[in-house]
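The structure's right below; bear with me while I get my questions together.
The chains carry the letters A, B, C, D and E, assigned in the order they are written, with residues numbered from 1 in each.
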């Protein structure tokens, strides 16, 4: 039955739920009048912070809850930090655009927190059905959030595309769960990972089918080729804070959920699975990077870059699932997720600062003259872009370094090689904004560049500083991640 | 063994010109030609005196075989020791005296010659710098040091040829000289490397002591043969032999004293000097010797024939120089290193004399160099005429002037040496005939006959003493210089039976070819007679042609039209070089640039980039915005992934059958 | 091969389900599609029942055939759509691929199903009665799946508020 | 701490420059800082013992102990002069770019000083990852220097520069990682410490291409070959040079290219001795081809700067030839040539920059007769030309001579091919010299509206130290060679099993790394 | 509570596979619907169809495995399906308000 420890595990979620409900309640009891955005956001942030503290208080814990439906371990704690952090930044960015969000702002925050709860559920799930629920909660809230944007055409289109494809992928995912349930007899992840080897060795076709569908269902959420097609469109059409949240928190949680599923040496029984996933990883990197080169819209560039990064992270996942050393791979995946999230938040923060109109975003060429008008922003963005490109001594470099390291440790030379080639390609488009910012003659003053949003600016500068600082001293972070991953149930 | 005093003297000897260079070089804008010239001449003179002081030590009983001076270790790496040390032995003694002596005279001459120039100080600085480098070349105890001087003189030659650089032609001539020399230098380097790889040392004495016991190589690819050939390539560059002689005639673009000093008396003989220095090595490579001899003979004849038709007074002398250098190489090639040295010295005297004489003429004629516009200058410039006359006799080889002795010795060795042959002699003989002819022609057109210039406008005049004194001194040397090497057959009939002093002096320092000499004293007399008489005959013919019956020249010219065109245009060697070597290289380089860099490497980069962009645009095409298409890709992805997992290609049929049959 | 009653029931319901599903995707009038879907739902409920999943069958009828489909129909009425001129997407090639990929999914899933293990249900003599199974299910839901159940509730709350909010947003970027 | 001081002082200066209140203070301050930096680096003479091949002045502390990455600095005879060259060139560059860089001078000098840190760091880093960090980091300021202050096609050039280098270095990163794991498997602990990695015997199979050592060798080589740049991956260089501002070119040619050759010497050959030995001919050949090819192509360039850029290709070909001769002469010559190239090509770029500032053209055809108008400039240019074509008594000769000697000793055919470069070098330089300085005055020179002034005092002062070095290094190579001798001898003598120790090591770095790892394991 | 056990016909030839294949058929039909139909409401219906197919599989497995977990899942899936339908229809309504049309081909602004 429900014990205190169960409540403790879900305490962050409860706190979030309460914190998100308060503004809505205020609204309800205040005859449907919108509370001040500041109040709304304060509750949300408070909730996030409180959730963070609650999580921190459980950092040493490793336990399951609710009849093994949830598991709280280091990986979960670490992921929770990331998700909460991303959510906090996203909400702060939304606050910067409060004039465009003013109506229904409390609902928006509420839904945002809803998706955070869903994300946390996904993150902590120890049961595929909980995973599914988490994904759905997260996604459904996000669909609505996207559609609630003031922007007419693009956001509706983005929302609907995401919705249809997401539901489609959910069905696939669910089909996979059904097959796994049928073959394993349970949907609990530990039960599944325990039987993976046996089922794969026996060539249980249903299980093959199930695990394949399951992975592909996950793959949709983290935009692995060929399930990535929604990504650029949806990222572009969504309000930037939502995009930032999707690109960081959702991805982080999904990847961690995948890590949980992949936590078994049994996968080594089927090398074909590995080569199939490797192909997907390679294709993802390639498609993401090459398509990004041709983009004009900065948000689309980042969307494709996010696709490409999923490809890189896949390398780590493959190493975790099919290598000899799950721990080291998982550590690196988490580390990479962290670095990726930091950089992505920073870059989306810049878009949030500069974009004229939600959804339309800004083109790379619009950045012309940024160095003159907002030198600090320009510098911060440049740092982040170099970090994304993997130039040392930034966080991005150490992320890539450790990721390729894991690949080589597990003898995944081809993946590492492709990763490197793709990194080179990526340099091209990451540096294009830098070229525009610094190297084009800014004779024509671009009055367009109106920077709004103090919090987003702070976010940008903060993340930029973080990339450099952690890049220079990555050891403590790495140690933290290591401790987190090793603290596993 | 070298006392500190020797080092002191060496320091003076070598540093004096350097100091002169610095003194003039640092005030290079000055137009005070007298001061500059004085400094430079004093520097050269100091060198000469120091050289003399050192050379004096070699004389007398119990005198050392060589005076050496070590200064410091220049480079020293793992077995490669390159000390800065100098040596004056019996070979370099000759050379150093010639260089500093003749050099001083030419410096002196230059004071007058350059008096009207805009940048005399610079000129004298260069001249001193040249002297410094030349001394390094001569005195260096190892090949590296010699190479330093070797390149250094090339550089100075470049600077001095292009001294009047505003003229594109002259600048081009300088560059041509340097580059051609560089080709030779590359050979020199390779030769050096070959020697180092073979003997592990680059010191002359060490190499010579190491080759001492070795047997002669018979093939073409032995290390010594290769080294010798490489070094000879270096020599052909510096000493203007086939195929690298082309720079020397063009080098006449420089001021005339420079031509006298660098391009006649000293620098161009460096190749000969180097071979003589390494004669124990060369003698072990008979095939290389043969090459040297043939090249030398060929150059002697070829250059002489070109000389027959030239009208530029300096060009004639230049080709003559090339030809005479050919004689020296012929001598080296047949193993007559002593004869080569002998000719080197006498040639330095008379050719410097003639160049200075021509300089005097040009100076007097207000920079006119075309001998067709001269004539009858004897009466205007008697002293110049007189000294030039001495030089003329010396070069065409009439006894008892210097040229006779040295050239005849070479011809004799070409015939009699174990390495010699009658063909080599014949080549030398023909060359001698041509030499006599073109030199007489030069005399005739310049000094004899009627003036062909406008006497009202041009007033040829004798120059001042600074220019005439060197002429006189050199004329004397040209006249008597030959007596240092009187052939035995002549010495025997002379009172007091003077021996061949030079041969004695060089004995033990140069290699002597092993094997039997052919020919006898009678033969030597006969050949001597032949060469003297052919020289005389040629001279008389030329005199007849150009003074008595100038019309004959035209007739001969017309009769042999094509041949004349060919020779007059220097066998079109320059043109051929340009068309067949230089242009192809330049065009080839452009093509390389265009094809390799631009069209291949960069293109490859672009193609790679385009490929990436192609993939990207394909990905973008797929990104059609159509939701259902995305869903299709998802479905296809699922299908593909699962099909791969199930190895569907192999088991598709089975699977379907069971699916429907089950 | 003799067919038991159960078999006949299965084949009948399956036939209805497939045919009505075909109706969903082939009818050009969305209302007919919705009605076909309702039929599918019902036959699926029947199938659940044939598998002794009584409670689920009931829920299927109530939630799906009842609530969800009514929702669909209502929205369709709201839209007031008629039979569409072009009910299907264009493109022969992509159409081929679409159908082919669906067929392949079927082939793989079906193949995998047919190739794996025993085709029949284990011959247990007894299966819990409807009441018992419902009880068991309730037990499961409120004990083992408590978290999921609660999360579900939260989800519905989010969706409810979200859907309301969505309906309240007003068009026009510059309207506010 | 001396090395850290030398490495990070410029970064500190860059920060100071970034916050200097007045724009007009920047240049003098930068110049002063550069001089201070140079003076500090001269302290090395006091602390450095040339008699030993061991690594000196080592500094160590673990950086990312989990991965065996440490902050390990050290200097030996191989890097000694490169460090000094780097610090020496900075004041020259700052002074030389006094007027050349007219916009955003603050940012420019910050970039320059940051670049300095990166370059110095890569010369003294003895940890592969640390080296890689500095190696890559150096790209960033240079990327901006070319991209912001460059010429017309600067963006193309800088992207090309960045991408080319990135391709190689990222592949090298894989190699580094592989080596670190090999260390883990053979030594028992993961480390990127080069001194430890030297102990590895990476498996090598002579006949086959696909063996770890050969692959690693080529991966590392590619990275450094691009940086050098060796034929046929050199095409980024001419573009980068042509577009870069003068100081950028000077630093690029003067120091950055050396990072490639230094990498060969420090990492490639000692880490993969068998493969290096086995495939040395490839590099001898490419070096020789590079010499000739660079010279031939330089010859036909219409643009002065491009000509100098291609001459760099040629000159760096010599360095590669010398390195892969793998004998004392070749290696010494290569190190010497690196310095020479830094001095003389740097000087050439400065000179070309000076004339470019006056006429805004580098087209050779439009010059001519410059010697008459700008005599001092001509003399300076001529001296540098001499150095560039390796006329004896200039620095170029010593280096080239040793390299060619070494190259010839190692491989007669390629050595002889390389000697052709001696001729061609003279051809392209002198031809250019002739066309620019001699002959009739060209359109730019006789342009009466813009009379050309001879070099000013500042420009003269910039050139003087370079000219002095040209002769000093040419006439007295021994004092310079003294510092490299022990290291080179050690290198050549032990090239099959190269090891380096730390002189009077304050810490046993290997053990410390191991201890850190053990500690990690315990925690686990 | 007395249990009236339903006796399973021992000679029944219909088993798990049949249900799974049926589920596969329905799922594929749903896929076809999603891929082919232009009306967004019908697409939503097709998705419902797919979820139903999955439900059949769940229940069949539950029956086969003799455990009730499958049915619990079906319960959740149904709820989710309902939620999805609600959100989807809400979205469709919003879109309809804007475009007065529910054709999928309107959604091609975001591409490339």
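By our rule, contacts are C-beta pairs under 8 Å (C-beta built on N, C-alpha and C of every residue); 3 or more make two chains touch, one makes a residue touch a chain.
The structure presented is a predicted model; accordingly, all values stated were derived computationally and were not measured.
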Problem - Shared chain contacts [subunit D and subunit E, defined touch] - result: A, B
Fill in the blank from the handout: Note: chains that touch subunit A and subunit C both are B, E
Exercise for the section: Starting at subunit C, find the fewest moves between touching chains needed to arrive at subunit E. Expected result: 1
Problem - Innermost chain, where centres are averages of C-alpha coordinates - result: D
Fill in the blank from the handout: Counting C-beta pairs in contact for A-E and for B-E, the higher total belongs to A-E
Practice task
Starting from the mean Cα coordinates of subunit B and subunit C, work out the distance between those two points in Å.
Solution key: 100
Handout entry: Gap in Å, rounded to a whole number, between the CA centres of subunit D and subunit B
Key = 37
Exercise for the section: Let me have the rounded angstrom distance from the C-alpha centre of subunit A over to the C-alpha centre of subunit D, please. Expected result: 42
Problem - subunit A and subunit B: spacing of chain centres that average the CA atoms, whole Å - result: 77
Fill in the blank from the handout: Residues of subunit A that touch at least two other chains are 129, 133, 136, 140, 144, 147, 152, 160-161, 164, 168, 175, 179, 205-206, 208-209, 232-233, 294, 428
Practice task
Among the residues of subunit E, pick out those that touch two or more other chains and give their numbers.
Solution key: 16-17, 20-21, 23, 27, 30-31, 34-36, 44, 60, 64, 69, 72, 76, 80, 83, 87, 90-92, 94, 98, 104-105, 107, 109-112
Fill in the blank from the handout: In subunit B, the residues touching two or more other chains are 620, 623, 625, 627-629, 631-632, 635-636, 638, 642, 646, 659, 662
Fill in the blank from the handout: Chains touch one another in the pairs A-B, A-C, A-D, A-E, B-C, B-D, B-E, C-E
Problem - subunit A contact footprint on subunit D (complex, rising order) - result: 62-67, 129, 132-133, 136-137, 139-140, 143-144, 147-148, 154-155, 158-159, 162-163, 166-167, 170-171, 173-174, 177-178, 180-181, 523-524
Fill in the blank from the handout: In their shared complex, subunit C is touched by residues of subunit E numbered 1, 3-33, 35-39, 41-42, 44-46, 48-49, 52, 55-56, 59-60, 62-64, 66, 68-69, 71-72, 74-76, 78-83, 85-87, 89-94, 96-98, 102, 104-105
Practice task
Spell out the part of subunit A that touches subunit B in their complex, as residue ranges.
Solution key: 160-161, 164-165, 168-169, 172, 205, 208-209, 212-213, 216, 220, 225-227, 229-230, 232-233, 270, 272-273, 275-276, 279-280, 286-287, 289-294, 425, 428
Fill in the blank from the handout: Given the complex, residues on subunit C that touch subunit B span 89, 94, 97-98, 101-102, 104-105, 107-108, 110-115, 119
Problem - Interfacial residue positions of subunit B with respect to subunit C in the complex - result: 628-629, 632, 635-636, 638-639, 642-643, 646, 648, 655-656, 658-659, 662
